[in-house]
Amino acid sequence: MIEQLKRELEATFKGVSVTSEADRRITVVVDPLQALALLRFFKDRGFSHLALLSAVDLIDKHAFELVYVLTSYVEDTGEDAVPGELILVVKSMIPRDKPTFKSVISIYPNAEPYEREIHELFGIHFDGHPRLTPLFLERQYPIPPFRKDFDTRRYVEDVFGSIPAIGDEEG
Amino acid sequence: MVNPVLLIVVPLGFAFLIPILSLLSKKAAKYIPPIPLCFNIVVSLLLLPRALENPVVVSIGGWQPAFSINLVAGPVGILLSAVVAFVGLLVSIYAVDYIREGATDRYHMLFLLLLTGATGVVLTGDIFNLFVFFEILCISSYALVAYAGDKAGIESAVKYLIQGAVGSSLLLIGIGLLYGLFGTLNMADIAKALQSPSSLPVFVPMALIISGLGVEAAIFPLNGWLPDAHSSAPSPVSAILSGIAIEVGLYAIARVVFTIFGLSIDSTSNFLMFLAVLGILTLLVGEMCALGQNNIKRMLAYSSIGQMGLILFALAMASSYAVVGGLFQLVSHTLAKALLFLTVGYMTYRTHSLDVSALAGIGKRMPITSLAFTIGAFSLIGLPPFAGFPSKLLIVRAALATKECLFFVLIGGALLGTVIEAAYFFRIVQVLYFKDGNTNIARKQVPAVALIPIVIFVILIVGIGIYPKFITGLLSSAAAELLNRVDYIRNVLG
Amino acid sequence: MDRNQIAKWFKEPSKMANKYSLHAIYFCTGCGIIEVPPVITARWDAERFGVIPVATPRQANLFLITGYVSVKTLKAIIRTYEQMYEPKYTVAFGSCPINGGMYWDSYNTIKHLDKYIPIDGWIAGCMPRPEAIFVAVTHLWTLIDKGMANGYERYKKYYRAYRRNQELALGKLEWPPLYPIGEHTEGGECD
Amino acid sequence: MVGRILQFILYPLVALAIGVFFLGLARKITARIQWRYGPPLVQPVIDMIRLFYQKSVSHGPVFAVGLIMSLAGSIVVVLFLPFGSICPLSGSGGLLVVLYVMLLAPMGIALSGGQGANPNISIGISRKLILALGYEVPFLLVLLTVMTHYNTISIVQVVEAQRDIGWSIASLPLFLSGVSYLLILPAMLGFRPFDVSTAPQEISSGPLVEYGGKYLLMATIEHALLLFIDIALFVNLFLGGAGNPIIFFVKMLIVFVLVLFIHAAFPRLRIEQAIRYLWKWPTALALAGLIIVTIGRS
Amino acid sequence: MKPQLILLIAFGGAFLTYIFGKISSKLRDGAAVAISLALVAIFACLYGRPLQESFYWGFLGLNLSLRLDALSWFFAIAIVSLGALSIIFSLRYMRDRERTDFYYSMMLMVNAAMLGIVLSNDLISFYIFWEMMSWCTFLLISYNQHRALDAGMKYIIMSMIGSVAMLAGILSLYVSFDTLLIPQIASSLATASPGYVLFVLVIFGIAFGIKNAIMPLHTWLPDSYAEAPSPFTAVLSGMLTRMGVYGLLLITYVIGGMIGGTGLGSNVSKFNYVLAWLGALTIVVPTFIAMLQNDAKQLLAWHGIGQGGYMVLGIGFGVATANSLALAGGIFHTLNHAIYIVLLFMSVAAVQYRTGGVRDLNSLGGLVARMPVAFVGALLGISGLIGLPLTNGFVSKWMIYKALIIEGHPFLAFAALIGTWGTILSVYKFLHNMYLGQLPEKYKHLEKSPFSMQLPIAVLSSAVVLFGILPGIPLRVINKICTWLGFSSLDVTIWGFTSETGTLNTINLLAAIVVVSAVVWVLFHRAAKSVVVAQDDNYAAGAYVPRDKYHYTAGFYEPLFTMLRPYLRDVVDEFYTALAGAVRKSCGAVRRIYTGDVGNYVTYIILFLASLILVQLRWRPW
């Protein structure tokens, strides 16, 4: 079933690499332009559950890697499907200097909070997203905190350190 | 000194004067009719005191009773002719301004003819004479219904003509049979010669006459023509038709039933019971048809059928209270229905549509007319301060006084009819006053000429309502005259 | 425990009553709240000392701040503290409110809680055991006795500094200041 | 005359003392049932003294007036109930007046809560009134049974009648209504199976959310008096209301402890479940009692 | 001072105001107030003096006459004073509405018609004034156009059915005794057959039942109260609907001699016993339906029906078992209900006036801060409605309950008591959603209600408390009415009742409550001070909820409604609408007879004739 999927992928998308690590886990690396089409392709195949959307800050490659983990609710995903669900990991790299990507809410509606979180913590802008408002953090940060170039100790020092203790300056 | 014949001759003369006058000046024709009607009122008021003791009997042409055509101007006759003349006068004043387009002189001539027919029917003591006046009445009303000249008017006039013709022919056959049996045309003679009305040879003519007159008196199965005729005729005409024509028909039935066939006296035949049931049936059918109606004139026509049913029921009970109540209801219905038709005439004229919802907001635009309409409607329902209340009171009391359970059921039906009547009249009052609409019409009163009759009607209704003693005296003597047949015969035959 | 010395009751009833009727507001601020259920139930039974959890700050006079304080929770803590009324005491659980504890370098936690609200008692330990809570309570009694548990007076005295620190940490606060500060109350009328 | 004035002053204080003692007993016994040591019996007194000195929040005049009205209502009801031989206000209206003056307490709290303008309060009050409607149905049936049985509307006469013919709970119809009264007692006192209107976990103690120092003090006093009233009414109507106050107090204690065990053991019902229960068993029993009494009487 | 002079003033006043209205609105307002106050003064000084005057013979030989005695004085003073208060109230309420002179003249006309009913000594004038009252009310109900039209239609049809039934009843009395003077009928009715007495009772019972909205005949009331202009709703609910109660009392007078006892009396007591059970039903069901309403005036309207049940229960039970306490309770409750329902409608109207006609309970709140006087009026009104001690409702309910229990009818008492609890729930929802809770943003700057509205509210609130504390004042008059109706008199004192089966002493109650409240207040103020806090400084689990999002009074008793909703449908109303639909459909069917084709009509004529002759030939019936 996995080979059959692999053949179909290569047939429809050019420049996509499919590798399968464990027995029921496939990693597909695709360039950002075709990412949405690929996700649509998988959705039609029955992978209707977006388990996780996360980002990886590859600071040395000056890129962010967006990782979509897809599974299917239904046991068999095709006629001769192997019993037990199949986990798909779709990765695509976007340049670090202008981190924008298209929102997948149209395909997977439940991606909305994930995209807000990634926007807040990595600063990746998802255009087409209804409201990219902050989700967890209370304050504004110069550099989104999860980026590797964000020095947390220095931030703590100059933000919290600068707040004087009560009672001591009045003597 | 004053001869009742004048009551018929003067209006007839003036009626034929109008076409001649119209050759001279077109406009003059519309001022003619009020004159003979005033004359009639004066004459009948003069005759009234003499008629109260005993009816004035006049035989035209001097022949003996068996052959002569004689008029019996008793209290009933005088009362009704006064009412006919009075209402005719007011409607003619109203028509002066209302009837503008079309052959106005022919309208006024027919109008006078209709009134003479009505007065004749009321006064005559001879059944063939009754038929002649009845024909004058019907033919002039056919023509008047078609006066408007639009498709609906002509079509309903033709229908009215056909049914009227059938009715008159039945009446004629009945009269012929009676004449064959008794050899005389004088009502008193026949009454004297007739023993038992239930024997077949007498019953068939009675049935024929009653159905013939019934067509004109709008009794239930026979009144197919009324809704179309009254709704498509111009307002003054339908005022006269509803106000006078059907009442006169009903009077004729009463006269025939009471004096000629004397059903009230002999207790064996309960034909009157049948008439009472028929009356209530007419009432219920009339009211129920009016409820769902949204063409205002058809609604008023149906309510006339309802009221006729009530009067027939009252008269058919044949007790003194009942007949007084019936006549009182007849008078109050004439006043109220004429008022309603006159007010509706101008309202629909102003809003150019007969639909009830089109009358929204007229209360603000034409305050006096809509107030008059409301008073007329309340009087028809029988609410206290207006004329309808004492008459309905008398009828209900008479029904309850008979102590028979059939009459209890019938009066229950009558009261149910009143509730239905209240339902649709209050709906119209709501539409008039409490729905906004017709803001485009200028706030202009009805022209003065039309305002006079409306105000007089209102004064009369409220006056009689508050102080009914005003006419109850006249009514009780009229009822007495109608009921006891023997006095009638003695007076006429002397 | 001088609860049943009647003479003391008559001398200063409010101080004694405050000592032996500490109603703690049941407000889960951080990881330490898992310690409170065993404290108030069968095994350690805080009710012996008159300490019971209550639902609203209005009824409470003891505020247990249990565990680390994230920036978002600080807003709720300040709001709740201001809704309690004198005399009120706060006890901070664990090392995180003291100096940030193991989250000393996290961008999202408050390091020194006493910069924002006055604290009367500290319990060290990365989640102190229930016995430590009772030590704190008894320590609080002595503080009340000596009149040193005056967090609420300090809050009133230095309210302007507290308010400034709070707005430094949290940005503009929606609710008006508790005590009239005067110069820079933007808009909101003080109550 | 002096005796009566003394009664007027002392009786409410005694009632309050008993009520507060019951509160302390409640906390102690529930603790012991939960295998805990539990606070001293005088803990409620300590809490009240602390509340007396605690500052508090007010939301406007009605916030205080409502509470004063409810507390005054409860105290006046206490004056109507015979306690052993003392009964200050027996002569002015009897059970009907008690029934209507008892309305003042929930109405007062509802009024003052209303001005508190807090969603928890409104939900609490609406639950409190629905629950009240729930237990009123059987409660009214019970009172009507008693009144029709003894053909009087004054409690004092009911107590005297029981003195010679024995406790009314012994006679069959009144036994049914006595049991029905016991079944609805937890709902009237606001104890655990039915404390849905002041549930700390769900609606952070319902109407008491905004009550601070002295307001909470008044609420606790009112709750204490409520305990006294409902149990004293039960003892008077069904257990013969003893001659001297001591026996009266013992009877009240027994009834209270019985209710307390239910309080300590049962989890809280949802409001629909509470209503469905209240309108099923207690109402059936009370109705049966009333029918038997009316048949017996006519 | 002859009675017909009073009526002349009343009716003349109505026309006068209409004419003044044409001149200037100020003059009209002054005239309306002057006339209504004059009437109040007249009746105040007519207290002790019974009058008897027949004034008009002209009406079909019937003699119309007026009288003034204890019963009619009691109702007259209530009508006149409530009329005056509502006129004063509507000075400001109707100021900027159109067609106000029509409104004022109709208000005075309705008051005059009610006076006519109460003063009339014979049934015809009674009927005349009854009809005038009906159609004046119809015109006033339809005043607000739009939805009010259907309410008006429903009202007028049901009251027409009632008055038609009454007309039949009156005329059957006239036919069998040929007198319509009430005293004479009373004497001659004693000799009538039991069946006939039952017939009279049922006919008049229907007419008065419709007007007093007893359970099966109540459907017109909620819409009319809700849609009529508020000051008129006050008069409508206060006194106009209670003409039904006056009618019932009139019937008890007419069948005076035969209460209790066998034969004729048994019929009377059976009828009144059924009436009492209907009254009990009318207490319970509408009160619980009232809980469902979200419109303030609908809620109060349903309570109007419920409280009407108390009166009917009191009077019906009192007559059935010759118990004067229940009868006095019923009559006293009529007065009390009139006072506090008018008070409540006025406070709703004051809120409506200020908030621009809003009366939906889910969108109001927190108005106590902005309209304190209206709040106090509403508070006293609802405590009267519930019957809290020290209010007038309490005393009359106490009388009814005591009579029911002592006479051994616990189930009737149970229905009434459950009605009280239903009232508490729905009335608290009314007060809470309208006055307490969060003040919405848009009503932040609402001004107080104007003085001309506060005056009637203040007067009525003091009346509620005064009659609650000193019930002796009205009870003395009611006692006279009971004796006049042939019942045993009660030993009434200024503060309540003394009787061996249980006394009521409102002064003790007042003293106890006042002293105890003082003590509690002192304790309250010696404790630590409390800080007054803004309404949004509220505990919300630490979060700060912005102002306009904090409104929450919708769906107050949702858990209870989910259980009770299927049982609380107004089944009677659905039945009536179905009946009306059936009538309209049958009318449509009847109209099809007139097919419009002349062939049919002619065949009708011939068929009629043929059938006439055929029937005569075959069976010879005639």
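Side notes on the structure shown:
Should a chain be cited, it is by its letter among A, B, C, D and E, assigned in written order, with residues numbered from 1 in that chain.
Following the convention adopted for this analysis, a residue touches a chain if its C-beta (ideal position, glycine included) is under 8 Å from a C-beta of that chain, and two chains touch if they have at least 3 such contacts.
From a predicted model like this one, the values you see are computed outputs, not experimental measurements.
Chains making contact with chain B as well as with chain C: E. Minimum number of contact steps separating chain B from chain E: 1. At the far end from chain D, in terms of centres built from Cα atoms, lies B.
With chains reduced to the mean position of their C-alpha atoms, the one farthest from chain C is B.
Of the two interfaces, D-E and C-D, the higher number of touching C-beta pairs belongs to D-E.
With centres defined as mean CA coordinates, chain B is found 95 Å away from chain A. Centre-to-centre separation of chain C and chain D, using mean CA positions: 36 Å.
In this assembly, the C-alpha centroid of chain A lies 41 Å from the C-alpha centroid of chain C.
Annotation: 59 Å between the Cα-based centres of chain C and chain E.
In chain A, no residue reaches two or more other chains under the touch definition.
Under the contact definition stated at the top, not a single residue of chain B touches 2 or more other chains.
Each of residues 52-57, 204, 209-210, 212-213 in chain D touches at least two other chains. You'll find the chains touch as A-C, B-E, C-D, C-E, D-E.
The touching residues of chain D, counted against chain C in their complex, run 27, 31, 34-40, 43, 46-47, 49-50, 52-57, 200-201, 204-205, 208-213, 216. The residues of chain E lying in touch with chain B in their complex are 58-60, 124, 127-128, 131-132, 135, 138-139, 142-143, 145, 148-149, 152-153, 156-157, 160-161, 164-165, 167-168, 171-172, 174-175, 583-584, 586-588, 590-591, 593-594, 596, 598, 600-602, 604-609, 612-613, 616-617, 620-622. Across the complex, chain C is touched by residues 531-534, 537, 539, 541-544, 546 of chain E. Chain C meets chain D in the complex at residues 3-4, 13-14, 16-18, 20-21, 23, 26, 41-42, 45, 47-48, 50, 52-56, 58-59, 61, 83, 85-87. Across the complex, chain E is touched by residues 12, 51-60, 62, 64, 67-69, 71-73, 75-76, 79, 89, 91-94, 96-97, 99-101, 103-104, 107, 110-111, 114-120, 122, 125-127, 129-130, 132-133, 136-137, 140-141, 144-145, 147-148, 151-154, 204, 209-210, 212-215, 217-218, 271-272, 275-276, 290, 293-294, 297-298 of chain D.
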